[in-house]
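Next up, some structures in structure tokens.
Next, two complexes with chain A in common: one pairs it with chain B, the other with chain C.
Right after this comes the complex of A and B.
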């Protein structure tokens, strides 16, 4: 197991109280696994990802533990955590296109960053150039300023830089959201290539675009309102989901070859709850067609079949009579 | 590059032409007649006044039609001739201005540069220290909102009148004549201190606030967060933030430097400091067309030169301008 997350609970501190953005997340990622992390906006995907690398105020670690390759990550201690960042855990941020300092040449900025972490930049140049070739960037980008690069080029520069020290875990946060469809596919395949070549051991790919995950992810973790709903191999999530939310989410995706003039796309009625004061128990309860009394208690995230975790009382075999 | 500078130069030449034209027009819009004002002080006989009036009007070139005066004005400028002062007749304007400029440079150059360095350093420092941010920065807001003259008067009252440490008027002791001796230099420095301090303090507050806000903005920028996520040491992140935050401050500095020759009018008036600012007030009170024109001409040239210098400086410090230029000419 390269990553093990135990009961991770992270709140945002606000003047009106804690926003319970991530509640009791427990899951693991195997070596070489690409895990897709999906769910609607505000479901806690980015909170989960940020807590793994950059947990800063107003975020607050309430409880839980994260282990990477068997070692506990000091996620709530910024000073100690910075030794793990980049070399062990790395990120391709959502804002990859603005992630480079505008007044520094790309190569110089990399040299200064690596130098400040005690890495010999000169020695990494051959590997850096090999990786630039891999993402189809000319070596000249090192001598350019970020504004001389297109958005896609900047993103590829960030992809190369973030993975340069071969981290165990790479978090790719919404990296395809701002790209057109053909570029999306290329970027997604580059990520798989990075894994296959061993640049990164395992990957978390955050997106709300499940079709991208279908192409590259080994497993998919679905979140709803700050809680984990279901984790399973990609095929299982797409074809045989068991959590009511996953079922509705998958059903609301368009399918190739279907004409939606004839068959309306279904949505999920209702809205997710506010996380400032979320309802106790299963947070999907209000929108769920199969909810019953037991749902007033929070369901555990249980492995029903090997590799298939679900948090739903109905699936756990609890019945109305319970 | 050449095309960029060429275009800029053209804009500056046009601006210069318009500004100088306005400079020529403004004194002439003032009600009253400078020659009349000058003669009225001499309390002459009526006939004598008439004769003298005709003579001086010709001497100042005010007898020809207005359009002719305007042309003569331009011709004279290119000969380095700014006319003769009415108020300090018959001294040439250029000589009066040249006598005042060293005082301005001596007063403002240290005040502007020192406040810039100190303010930026302090602002950047305060941005990462909660205690300083909460205590001294409000003071910065008060300082920057303080009118120069009010602070000047306060300082003059406290250090000049109450404590009696510093003199409050003139550039050197009235009992002295300019000459090279330690006593005279001491007197100059003593007279310089209060006007300097009043300008320094107000500007310091402004720079510190500006820098503090810019640093906080830059530290919240995406590139700072990315560096943090990659575990970059704080020193590197702050260095980048400081370098990017300083860019707008450089613009501000250059604009300040541009008006050095304009002097600090209100401060100089408060302390009767004989710079251009003080001169402008005297010239306006005496309807001295030529002295007003001359002073403003110096300000125009100073501001334009400073702007031009900053255009060039920006090309060097900010790659975005440099590249924008290539894009324009392509």
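Right after this comes the complex of A and C.
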């Protein structure tokens, strides 16, 4: 069990009160698992990722615990977290193309970063060059400034840098969304390659593009308005989802092979609730066609079949009893 | 309805504009009445430049764009205003299309001030409400709000409603879906399809193949400013002929099948040749033929409503004809 998250609840403090961005998240990721994390904007997927790596104000840990390889992560203590950050938990940030220092050559920047972690840069150069070869980058990039690289090249530089210390957990936040389809595919497959070669133990891939997850993820976790909705193996989420939100979300995706004239897709009516003062119970209730009285209580995230977790009263068979 | 004839656009770049960057090279295509044409290309392919030239936001360097038998570069004064009455654009980022200090419905008032000063307030209000209903919004819920109080999908539909208030016949939709969430993007796509069935012609600019396939009758594949393939959507997606189109189809993430193992060239094999095929340096087939390097292939018809610009098919066609 590489990562174990228990009842993690994170709010953003604002003048108008707490924004309840992540509520009671409980899930685990196995060794070698690539977990896709998907949902609409504002559903809390980046909040979840950020709280695993850098939980600083206005974010506030309300309750919950995170264990990595059996060890509790001090996620709300920014200073103690720096022992884990980059070496044990690492991130490829969204807009990685802007993550590099424009005033340093790539190699110099890497040396400074590794130096700050007490790692000898010279000793890592052979491994670094091997990994640059893997992502099809020329060794010359180390002597170049970020402005000399294309967006896809910068993305790959950041990928190599983020995984250089072989972290247990790597979080990739929307890393393919700004790339062209051909580069997108190559970058996504490189992520899988990093896992296969053991550079990273497990991966969280955050994206709003579920078709990318279908290509590379082992499992998919769907979030809605700060709550976990469903987690299951990739094929199950795509072919046999059980949460009403997942069903509507999957059904609304256009794909090559679907024409407007032949099969008209439909969106999900309504909007997600504001998280400043979210409704009690299931937060999807107001857009859900099968909601009933029981949904005024928050549904638990229950494992219905091995590896398939769903948070929905209907799927728990509550309507039969009620 | 709208014909683009041998249009090129050259930007002057570098200090003092010393270098020429060919953004669009000798592009010709047409959009018929009540037809949706997808302009598909990766970043830097010139797809948005073509949209901007049609909207006369930038002038074409050479070639002409003809709308209803009139060359649009000759339009001035009242004739140009008349053109904008019929041809309108909607752009990628709905949030930056509004001035955040004014209410969102100011865009409707500006249309009235500019184009319909003689219409009374109550009649105008009726027209605005009709246009909002036509794009699937409830006027009571969305009028009188500031942009930040509306969702991206609502703002995007506002802009389409704004275009409908004019006697719009041709809409340039530049990546209007890409900033929207999965659950709302299908609603905006369906709206475009409904407008098309009412006789509107749409140039749908996108990098997403599945969206282009869902909505359009014909597709144009652009790469580095050149048309590599165009024709009926079923033909382009069913039997892609150009190596670039085939690579695109193979790397687009899909929900019905996993990625095949295809080689994607991330690095160009050779220096870019000014005279040859624009795809030469990435093309897996290009090694075979010297002509790929030295001549730019012309678009030739390979089938009914299916054109491709590739040396292999140019030869095949010549052999067939000879």
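Couple of notes before you dig in:
In this text, the second predicted complex is superposed on the first by the 319 of 322 C-alpha atoms of A that agree within 3 Å, B and C clash if a C-alpha of one lies under 4 Å from a C-alpha of the other, contacts with A are read in each partner's own complex, and residues count from 1 in each chain.
By definition in this document, contacts are C-beta pairs under 8 Å (C-beta built on N, C-alpha and C of every residue); 3 or more make two chains touch, one makes a residue touch a chain.
Keep in mind that this is a model prediction, so the values were computed, not measured.
Superposition note: with chain A as the common reference, chain B and chain C can be accommodated side by side.
Between chain B and chain C, an angle of 70 degrees opens at the CA centre of chain A in the superposed model, to the nearest 10. In the superposition on chain A, contact of A:62 is made with neither chain B nor chain C. In the superposition on chain A, A:186 contacts chain C only, with no contact to chain B.
Once the two complexes are laid over each other on the shared chain, residue contacts for A:249 go to chain C alone; chain B is not touched. When the two structures are aligned on the shared chain, A:148 is found in touch with chain B, with no touch to chain C. Of the two partner chains, neither chain B nor chain C is touched by A:298. More residues of chain A lie in touch with C than with the remaining chain of the pair chain B and chain C.
In the superposition on chain A, A:41 makes contact with chain C only, while chain B stays out of contact range. Look at A:93: by the touch rule set out above, it reaches chain B but stays clear of chain C.
Superposition on chain A leaves chain B and chain C with their closest Cα atoms 5 Å from each other. Those residues of chain A that touch chain B in the shared complex are 53-54, 56, 81-87, 90-91, 93, 95, 98-105, 112-113, 116-117, 145, 147-148, 158, 161-162. Residues 42-43, 151, 181-187, 189-190, 193, 207, 209-211, 213-215, 233, 237, 247-249, 251-256, 258-259, 264, 266-267 of chain C are the ones that touch chain A when the two sit in their complex. The touching residues of chain B, counted against chain A in their complex, run 221-223, 225-233, 235-236, 240, 243-244, 247, 317-320, 323. By the touch rule above, chain A contacts chain C in their complex via residues 40-41, 136, 138, 151-152, 180-186, 188-189, 208-212, 214-215, 238, 248-250, 252-260, 264-268, 271.
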